[in-house]
């Protein structure tokens, strides 16, 4: 019922992401918002705090692009392949003029932070961190006393990003958003954030969303912009639409090891293209075709019933 | 103001219509069981067509094609925007601060809008056991503002409630504002009470004030059914009677069985 | 992949529900396990602690049947109709030989208790209860200090029922269970409980569940028995299958006001029938037909894609 | 025990096969990124066909039709039993106590099975920045037992780890058991470590002990790649070499590109 919020990626980022913001581009291996990350690089945002469980290639690229001064995370790597060189060089001190502050948790800690943010709680309690060095490395991980026993467990503080960017299979123009496959913490980060950008493979009529309300993870109520950008999650994947482009992840390894190579890559694939459509055209139809699922795997339909 | 013999509508119908009108301009409303349910459904069909109805059962953006029989009903699910677990509904939507108006009923209310829906008499040995909080205590704390709809009587508008289920303006606005601020409450508390006799708002000091008298109701009638000396607005208004359109919706579409309007 | 767990309601209750147990039959207006409640009455279980957000008619009947000595709840009534007489008479002291202890929360408090149980947390924090008499009435509602500020909020303790009984649209023989429409806290109560009985409208092949894994709310891993019992939620409803039988709720009002009437009702509709099939035959085909949805409202199918 | 020139399989293949065999009789396994991923997928195809694979990405009962490329992959979703949010996966499945075996990799491990996957060197000024915990620290605390799979070297099997990411037997079994009991931990900690040279279990006092030597590996070779004086079981076993069937599955089905087995 909300007013349409459809915007171009350029306008959405220009309007909603500001220098100094805390930005969370979430999506756990699935639905990673690469195209939004690239637009943030193109618009040369600075001094961002980037939050994300698994920084992945998208934050390696953004940090190489100079947009961030701080990283909040729980697992830092190119999953199944290797390291993230741009980030490591800034942490390990090889590149000294672009320091990168770290705030480190475990996966459940990050999920708990977003959940506390979404629920407006002052903390989220969890059983992690005992007898580890994580609370020493990060003093924001603190013990909390149970009011029911002398049991002490740990807590993490709420994380309320200024902006959450969520990729999804489909949304209505009002921003009612549906996802299937891995959900990660897309819902939690969206409810925790002050501003929300949803990027979708497909824009659908309100009635499509309403035909299966249990699949809605984010209501338009909390969405500020809906960007229609098919393949916006490449080289990550979208369940049912395209596969992870593993070649890209493998190819990234030599690029990320060399600061010049990564800057050249950004020149070519980010600064050198106007938008995601141009990026995909450059990637080519053959590569895209090779990433399509090998066959359909339909969910089947269930009946909600009409009750008049 | 005199009592007319047959105004063409019941006191309950006037109450529901007045409550629905109060929702004009509101965006997201948490719908309670009973009278709030019919009032909010009427509002969506009249003054607030873009009202998003949230049901504690786990529905956002309900579009019921009939009046839901209770706060959980298959008709609030089919065609809705989102169906979520109650953990998410209460955690992300309500406690997360997305609800503009929480709409509550009450068994007892005091001059500061504090509400009892738990027991009449002593808690351990009650004269009457009422339903309890349900979601009311958290709605009163977390919804940006609270609307109350209830029939009034000396038993329901009382000097002192027997149990505080849902906090209103506590002992007065000064105390309530301090506690709400210090405790980080999102809600500002009760802003309007609609009964079968009139419409009440709250003075700056947090005390209830009669603002509008329904057709057929009298100041004496109001005073007889309130357990404290009620304040009356300097410019006491007369509630416009239900329109033919409002009555038709209530009688033909929303409550053809007359469950709420008898 | 788990072994089949299909059982009759009689065997499931006989095997899994014991005198003195804490039993939670959940389902928020939707999917209320009436047939399981009736079987517990028939098997004359005693001294149960019954947990449920909204005790509803099912607990009014069970408490009239003498199975319970304690009730843990948040809203006590016949929704949209009136009171629950059997329960009220025991609380208000009219029936003195069957005392009923109460432990009372709000809805979010009950949901939080199950969630803490499911997550193995010593408490669940929430912003409810401030300046109310609920923490006075129930000293298990306690303040907890945030380790990040002087903010105090409230906590509720975990609730881990001995048995959770969950009604659902469908499950596989292994107990993998899917629900659409209102979810209530079916998932949380099942994960919190020691033993789980799932009652379904339809038993489906494993492949049906696996075709739409995002719809699974309970894995067979935590399920002890799967009972196939269509209409087992009557007079409550099952999204897409049948409507709430409102006539039943209205008819209950005069019955529940009179202890003799309620005992006569139990004689006829619980003790007087062997199982749910007999109950439904007695209710009649015409009544059943009148409760069917007025038309289908299909969810539509989404594509998960095959990835080989 | 002598080093044969070409046993017909690589050390990595032996490690993966030995780790997979250790899962015999296990029911629910939490699959970590990297080597655990291929070992668990092999186990499901051999010794543990009813193994339920749980991926931290939010999947229970995965039935991947190819080896997943990482811990999140569309093939672990399609045809799985349940897909849930990470809040539920970590909260209800892992912290809730449903995981029998958590399978971890490690960059450094000490004699008591404590694990470092965070940094080599000082945390603030690391020589090498490693990935960090991911879900490992909570797996180590909440999974009923922990299996470790890693290549061994003097850099990885160390007297003292640089950062404790995931707790094992802490300073020894007595302390670990007391802390795990008092803290209400569900997990008993590490029970087996499988490397490219052998299989290790833990003595009653919580210290690691070499239990089985892989074909081609020698005690001297083991000692050269461990930073402390390793205990050796009285009845040191010889790990049976990979069967033709196991090798075929690894080479043809699971890792045709040789990513894990090179």
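Think of it as A, B, C and D in the order they're written, each chain with its own count starting at 1.
By our rule, contacts are C-beta pairs under 8 Å (C-beta built on N, C-alpha and C of every residue); 3 or more make two chains touch, one makes a residue touch a chain.
In this text, all values refer to a predicted model and were calculated from it rather than measured experimentally.
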Touching chain B and also chain C, the following chains: A
Pair sharing more residue contacts (C-beta pairs) when A-B is set against A-D: A-D
Separation of chain C from chain D, taking each centre as the mean of its C-alpha atoms, in whole Å: 41
Chain centre separation in whole Å, for chain D relative to chain A (CA means): 28
Centre-of-Cα separation between chain C and chain A, whole angstrom: 37
Shared-contact residues (touching 2 or more other chains) in chain C: 115, 120-122, 126-127, 151, 180-181, 183, 187-188, 211, 214, 239-240, 243, 293, 297, 304-308
Shared-contact residues (touching 2 or more other chains) in chain D: 59, 73-74, 77-79, 83-84, 91, 95, 142, 184
Chain contact topology (line, ring, star, complete or other): other
Interchain pairs in contact, sorted by label: A-B, A-C, A-D, B-C, C-D
Interfacial residue positions of chain C with respect to chain B in the complex: 28-30, 53-54, 73-77, 79-80, 87-88, 91-93, 104-108, 111-112, 115, 126-134, 136-137, 151-152, 180-185, 187-188, 237, 239-240, 243-244, 246, 249, 293, 297
Chain C residues within the chain A interface of the complex: 120-123, 125-127, 142-149, 151, 153, 155, 157, 169, 180-181, 183, 208, 211-212, 214-215, 239-241, 243, 293-308
Residues of chain B defined as touching chain C within the complex: 33-34, 37, 56-59, 69-74, 77-79, 83-87, 90-91, 94-95, 118, 123, 125-138, 141-142, 163-167, 170, 179, 183-185, 259
Chain B - residues contacting chain A, complex: 28, 50-52, 59-61, 63, 65-66, 73-75, 77-84, 88, 91-92, 95-98, 142, 184, 186
Residues of chain C defined as touching chain D within the complex: 1-2, 115, 118-122, 176, 187-188, 191, 209-211, 213-214, 216-217, 219-222, 304-308
